[in-house]
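Let me begin by handing over the structure; questions about it come next.
By letter and in written order, the chains are A, B, C and D; residue numbering begins at 1 in each of them.
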């Protein structure tokens, strides 16, 4: 049997932070790696302990606990959130169960980290925000897991925008391009069914880019005009799923979510934005691309080269100006002083280590962590406006506030 | 005094093709370079002769004639099109005079090459198409100058799409990003006044990318949903203009065109498209970027690296697949067998050499050159739909046919 | 107190593999991360246990043990290798102690993993090879830690060369460029003293690229012609060191190693090679760049973009050929089926996870792991020939066998 | 019949500069394009006139004259240099005839532009320098055609080094990689025979990179250590040649030049350099890559992306530093104020336009143009030292002065 994994050493003066995680698939594996590693790298005020993991299949969750280093395994999330040895509930399930688990966990006196998107509907998200606000009165904190804020390059981008290096923003353009649905024989996983996933590319990829664009820009969208499409409407039924891949079983079923979502948008500052989320961009594996153009400078980022940030300083002499590739691996960069020497890059999973670090600090200090459930709700409202606009012939649709 | 420039040698069996050009600024210089060079590089059935150039200022047009190699200079375009020694009228003026000159030139029995956009309004463009169709009965040919079809890399892209290498198209995304208006003190040139330019980024940059995207994709858009914006509404009055730059004089004036235009669109095949045209993308100098994703492959192009085409073959083994940089300088590539050895790249101006080549061949063979005035009108209709959608709260607006 | 970290779950049928590590600085941290993570990701026949770590300063090693998850701490490496609960000794100290520790550990019946370069001199390395050969008779295995063989992209490169995709090799060019010594005020760390480091860029960076180039090419160099240089011969004395950085204390001292080493070389197949190792390439942080050109294809790699491998298939039609960027994150790629979905990249530290994986498998199966101490000795002989050539006016110097 | 081509208009106050060109193959076509275009773009003090071209085959040279715009055609270079209407002799023949033609042309009172390499041997080059020095007394000027100094990006690089932006140089690394000899069936052109070409990659590609590296660095190499190789020693005999390609005829012949040359070198300042010239780098079409690292900054250039210069400013904060891509198309950049708006790139052929511009100015002003025949001789001495070192087991060989 695996021992409980602990992070951080003697410098932690506060009690350990005991984590209970619900779900152990792709996101569960990534969160586990984050919890296991964070205290080995960062100085933390509380030491995370991987107390218990929860899943419906007893043998599978037991194996996952052993594999990922969780001390105990549960098969009912209600039992998990009832455990005395759990301080924080980390929700890594599909979106249709987020609201119920999060509200119950908060009611049970736990802190909560909830994977994105916060919920499948605005109504669910509103309930979660209410629960989080009440819980905060009691000292419990809730955060939504938009991990791409924790890529050092995107955190640096945010810092540079906040420092005024871009000046007044004119343009934000963001795409999140993947290609795992190009093959019409790819099977119908839960991600392609509205009842589980809420939406398709929109909730999965679009939620990420809406949050990231708003975070880096430092303002929230005021309205959108959208087109969505489902290219392949019938797919083979799926049986086993691993990561984003799956094996087909007999029969076919309906795809009930969007395959792609495009929308233009306005920021209150006057900046224009464009968004595209799709799983049909052949050859693009994880191309979350963000570009901001401001009166004084520009930034560009591509998640397929996550250790880099491209920056143009518009105040330089034209004779020597140009987009520069900042290799975001210097100790001066966000999160980097705890890692390897310059040029020794990080990977995707480190966003979860950084997310864990930031959450542990917020909880130890009694501060609201970012992004809050309210931030998650606001993203949900953007997605709802996208769907509404798409249904209404792309008419410009304000974001509810 | 400069001698008339001639291209091509003894192999030309047909009579020379005597060109008269109206306008001699940025576009006029580029067209001149095209006409002077084409017969030095390509075997042509008719030898282009730079017969006469026309501009309003007698001294300036005389100097331009000397500089660029035109035998004669005229100060009235009506005189130019009346000349017996002109077979083809090449229109390089701002959009507000295209219709009048083109219709008159066709009426005078000349072939016509007209810079893009074809006209400032759909109505003007329709009149030009009618004139072109009548003229064609008489053997005269008309073409619109969408020169970016003549970049070897975009011509290769078109060929690859036509060969079926991308399979069914899913996505087309195109941006044309420049930054020469970022500075609010940049003066008010004719390009910023609706009465001369028709529209702003939309007609200047947007026309290019609408034409190019449709050309490469091999189909025409069915509808659009658009946002446009004028970021800086008042600018210093301009005095002298060189290329895209200009010096300020006293006073200010209204910018009456769009600074940026974003639109999403649908193709009849079901593919989704997104377009962005702006002159406020700090650090982007000429970033006409085109990406197409199809079921079997993808292509990407950036005018800032115009000798390259990026191609992903989706039918390859995932173990070895990836976007490849095709250096489009091989004799197997469009236009390239007449140029330098592999790896010895071409530049922007060569698009005008290639345009001249294709037009000379079409005229010599009595074929309709591409793109026709009808193609130019169709682009104009897309731009009109963009403006209509932008005025109507971004509602999805079908393209008139 | 930290619990001993364990990896891998119930599937491990063989006894745990208990690791004792000597040294806990940069390399120690990286190895710790490898040992902690490997069993969480890969299915392993033996479960690694972080049994004990060793360093000279009792408080510091205790803190490092807590931080990195080692159950026990020792202050004398002789005590560490004498422990019954250690099966494998992992040597992460500077090169001057490698030979003594490794020979003793093997004599004590342990398996050994030794950081590169294997030793500071050929003589030491020869002694280590003898010890390893004797130990192997007794079932103990020894490996040298050239971790860059374990980047998925370099492992893929090796596989592609072995498959014949490059055909007959003509050229290999390799550089390893860093810039942390550009500032002449950077202090004199142990890496700049011959008695500790053996050599400078040559042993630190040059050893990596000699091993990697030979590994990917599949053959060993036959001779070299070299230039070396020490640009800055006197530096401030150092006090504290972290990663590759350090703080200065009073006084100055002599740099007694090379700052840069350049050499050309021949492979027995007739291919030519060039090598450059330097810490003075301003702006290059970790630019280990490898390019191979063969009669049928070419490969290129840059450690600053470690998730990518560039490949040109020379057998394709020139019309569509080009260097393609393989994003080495597919399940078909080496090590990748255990990690994240395509496009979700790995980082530097994962090379140590993969190294641990390969070593555990070799030990469990009683196979000699690669690279062996003999491979490490051969690299040492190349470095010795480089130094000899540099001393002898660059004359071509065969590699001893 | 083609009219004589003239460049530049009424602003030229001095008499025309009448050019006679010897040779009309690849280099002749490129020079013709330069002479025809230069006065159309740049303001020049003397107007170039394409007076006469010379080749051995009467019909072919007549066709070339028509094609490229030369007024007259000659079949004997002695007749060409005897013409009264020729002021400048432009030598575009293979290297074995450079010395004889240049010395005779200077003796005949002409200015001379001679293609690189200046000659096939040091002795020939010395004779040419003597002739040029004597001629200069009489007011005639001689220049060697290292056209890659006239890429705007390399000229910018030179300017930035001269401004001190790199500080003290530490490293220069240069490669010139092509791949047109990879196929062992590619025929034996004159470029593969020592009696015509002098050497192989070394004289063709190596001469370019030696000149360019020295020019940008601002100093001349002091010594070299070299390896050369001929990979394919027997090839089919060639018949027709076009550009760098050729068709095979019956039989085979010996390759008597090097296929590849690698050398390391030292600059007097203490900087180290490495050079590689090859025609066997599969997939590299024209990869002249230059990188300089100095104490304060670095530059990198690749001829396959000739409109770009990469620059790292080492004095910036590490938080925002990075290699920037300067798009060398701004009016602030060398040669660019005469061309197109920013972002509208130039191509290979424009180096010849710029070369013509610089030469016309120097002649009009009575100044020695750069690079002089003495510069060409010095490059020849570097190549000779490379050959000597390669013959003497790579021993470090000083450059003669």
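Points to keep in mind about this one:
Here, a residue touches a chain if its C-beta (ideal position, glycine included) is under 8 Å from a C-beta of that chain, and two chains touch if they have at least 3 such contacts.
Just so we're on the same page, UniProt names per chain: A, B, C, D = Oxidoreductase.
Nothing here was measured: the structure is a model prediction, and the numbers come from that model.
Farthest from chain D (Oxidoreductase) in terms of Cα centroid separation is A. Pairs B-C and A-C differ in how many C-beta pairs touch across them, and the larger number is found at A-C. Averaged C-alpha coordinates put the centre of chain C (Oxidoreductase) at 43 Å from the centre of chain D (Oxidoreductase). Averaging C-alpha coordinates per chain places the centre of chain A (Oxidoreductase) 34 Å away from that of chain C (Oxidoreductase). Averaged C-alpha coordinates put the centre of chain B (Oxidoreductase) at 55 Å from the centre of chain C (Oxidoreductase). The multi-chain contact residues of chain D (Oxidoreductase), meaning those touching 2 or more other chains, are 284, 312, 321-323, 327, 331, 342. Interface residues of chain B (Oxidoreductase) facing chain D (Oxidoreductase) in the complex, by the touch rule stated above, are 2-6, 8-10, 26, 30, 32-33, 36-37, 40, 63, 66-69, 178, 180, 243-245, 284-287, 303-307, 327, 329, 331, 340-350. For chain B (Oxidoreductase) in complex with chain C (Oxidoreductase), the residues that touch the partner chain are 156, 160, 311-313, 317-327, 330-333, 342.
Interface residues of chain D (Oxidoreductase), counted against chain C (Oxidoreductase) in their complex, comprise 166, 170-171, 173, 175, 177, 179, 182, 225-227, 229, 231, 260, 262-264, 266, 270, 272, 274, 276, 278, 280-284, 293-298, 312, 314, 321-323, 389, 393-396.
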